[in-house]
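Which chain is which? They are A, B and C, in the order written, and residues in each are numbered from 1.
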Amino acid sequence: MEEITKNLKLTKIASLEAVLFIYGEEITKEKLAKILKTSKEEVEQLISEYKKILEDTNRGFYLIDKNDRIVLATKPEFSSILEDFIKDDLKEDLTPATLETLSLVAYLGPISRTQIDYIRGVNSSFILRNLLIRGLVERKPGKGGSFLYETSFDFLKHIGASSVEDLPEFEKYQKMKESFFSESVEDINKNNIKNEETKSGNNLSKEETNNQNSI
Amino acid sequence: MYEIKTEEFSGPLDKLLELIESKKLDITTISLAQVTDDFIKYIETLKNNISENQDDSDIFKNSRQLADFLVIASGLILIKSKSLLPQLELTLEEEESVFELEKRIQIYAQIKPLFALMKKHWLSTNQTYSRGLLLSMPTVFYPPKNIDGFLLNKSLEGLIKTLGSYFYEQEKIQRQLFSLEEKISEISKKIINGISRFSQMIDQKSKGESIVLFLALLHLLRDRVLDVNQIGTFEEMEITKL
Amino acid sequence: MEEITKNLKLTKIASLEAVLFIYGEEITKEKLAKILKTSKEEVEQLISEYKKILEDTNRGFYLIDKNDRIVLATKPEFSSILEDFIKDDLKEDLTPATLETLSLVAYLGPISRTQIDYIRGVNSSFILRNLLIRGLVERKPGKGGSFLYETSFDFLKHIGASSVEDLPEFEKYQKMKESFFSESVEDINKNNIKNEETKSGNNLSKEETNNQNSI
């Protein structure tokens, strides 16, 4: 009996692998549940077991898990073998301003532009647009028509992490964020960037964000 | 590989923090007042660098950064003016903005190590790769159901509009920028013409411009070109030429 | 000693998996040996061991070995799940983001991905790939190794147009394109996105070459 249950689970994990393998890009857990004809809870469970299986030294890829989406990517230790035939160099030039903004999005995200501007003391709309175009950052609608920014799967692939929590000292800075914005962010918004945010918020909200997952 | 561009100046909070640290001060309102002059001086050197720069594109980019400096400068000016003119009563909003600035510098000081950490991490980690969407999938023609030329047209129109307002926004930020010297000479002229009240001067000006005007005023004050009298709380500031 | 040798072998198998995972099409053993910096004999040996591992454990894919070439493919028992899912997925309506990208390609094509990204303000590689697979968009090589995208003949026929010129207000947008890309993109990119732009140029050629064979 137990044996059967175990085998069934392994078959489910194998079919999860097949789907991730064939799809090739980030896919929502919801969609996975639909394809595998199961509940979202079971998908979560399968994912966490599959993740463990992939840790084995004879496996060549790992699983990146970000909120409601996952993707398979080659393990970081093979980057030197692979970079020779995949010409890609995201590593080159990030200006200090871009790096600053990217760190805030990575460590404090999801974060609004107003909050980023507040910390940096600089209007970041231009740099955020750049990061969006480069695909290192993505955004989703937040409250009141403004956007929340967070790093993308491409960012995680670039740093070879399976989630942002893998970043060094991640928790320390996430906690810091709470103390920064403990008093309502709305007040900060009001006081500081008044005009701009509402305006570009409107612009952006027009565009739709969760475009990633459906074909 | 990665290289810090030397012409890239640090942001206003970074500069402010640097000034405070170079004087070995704690981050307090008093220290902010103490570094205000240096900060304004720094803005002027920035501005000079920008006008010496022949490349229009950099002027665009740098002048935007200058605008960011001016916004912070306006908070500093408030602090400084309070220390120069102790009788100056601040409105609640102004009090808050003084407090805010102090808080922001503290936040910046706390977060700054993150930037170095991230840079190191960004450079030292290993790129990983996903397969790419349906990598081994052949092209099959799957047209969407409800689509026609008008739908495409409408979608594009919306997109162009969005892009347009983005550029408008960028231009607006740039327009808010005014040369300090220009404003100084404007003030001098107006004083000579007998318009001495600050409120008359900022009449019908945008907020950004008022900030610059006030900044210029303080500048003249520091250089002892002007004298400012405020009769009482919430009263008009009377400006006279010395 | 034996332990070390075993681990080394496992790592080699993992790197073989990583390469096959990312390569996506048939690869010769000779080329594999070159990528893995080893002999053809060792590659043969690694392949046969890897094959055995794939058979013995519950995996979503298996290894096809024909003559000198090998490739990973999803196991036949999962093919019905996958086919259904892909078909459903491809039949979905266009999201606003996809529609937006398609309209750009229709009106301003032939257009490069960099230009599309610039106008949309977000990275469009995922969406473009999607439009390519659905056969709504085609691409051809442009200057400097990048691709130019335009709508497919099938798509035009589908919307009842004999050419893109039949689209409402086509000329207006074509003119706009000229003014857009004569100065703005070039200048603005050059001026403001300077470093970033060259970078995403590289990126693009990577991404495109990577996908090239598969379509």
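FYI, a residue touches a chain if its C-beta (ideal position, glycine included) is under 8 Å from a C-beta of that chain, and two chains touch if they have at least 3 such contacts.
Just so we're clear, the structure is a prediction, and the values are computed from it rather than from any experiment.
Engineer: So which chain ends up in the middle if you average the CA atoms?
Structural biologist: Given all protein C-alpha atoms shown, the central chain works out to be A.
Engineer: Any idea whether B-C or A-B has more C-beta pairs in contact?
Structural biologist: Greater number of contacting C-beta pairs: A-B.
Engineer: Indicate the whole-number Å distance between the mean C-alpha point of subunit A and the mean C-alpha point of subunit C.
Structural biologist: Once rounded, the distance between the two centres reads 20 Å.
Engineer: Just how far, in Å, is the C-alpha centre of subunit C from the one of subunit B?
Structural biologist: 41
Engineer: Could you please state the distance in Å, as a whole number, between where the Cα atoms of subunit A are centred and where those of subunit B are centred?
Structural biologist: Measuring from centre to centre gives 30 Å for this pair.
Engineer: Two or more other chains touching the same residue: where does that happen in subunit B?
Structural biologist: As it turns out, subunit B has residues touching two or more other chains at 129, 131-137, 158-159, 162, 166.
Engineer: Two or more other chains touching the same residue: where does that happen in subunit A?
Structural biologist: Touching at least two other chains: 21-22, 25, 72, 74-75, 77, 82, 86, 88, 90, 92-93, 95, 126, 129, 207, 215.
Engineer: Please output the residues of subunit A touching subunit C within their complex, sorted ascending.
Structural biologist: 10-11, 13-22, 25, 31, 34-36, 56-61, 72, 74-75, 77-78, 81-82, 84-90, 92-93, 95, 98, 126, 129-130, 132-135, 138, 154, 207-212, 214-215
Engineer: Of all residues in subunit B, which touch subunit C in the complex?
Structural biologist: 56-58, 60-61, 129, 131-153, 155-156, 158-160, 162-163, 166
Engineer: Which residues of subunit B touch subunit A in their complex?
Structural biologist: Within the complex, subunit B contacts subunit A at residues 1-5, 8, 10-14, 64-65, 67-68, 71-72, 93, 96-97, 100, 104, 107-108, 110-111, 114-115, 117-119, 121-123, 125-137, 158-159, 161-162, 165-166, 169-170, 173.
Engineer: Quick check on the complex: what are the subunit C residues that touch subunit B?
Structural biologist: Going by the criterion above, the answer is residues 21-22, 24-25, 73, 86, 90-91, 93-94, 96, 99-100, 102-104, 106-107, 119-121, 126, 129-130, 132-136, 152, 154-155, 158-161, 166-169, 173, 176, 187, 190-192, 207, 210-211, 214-215.
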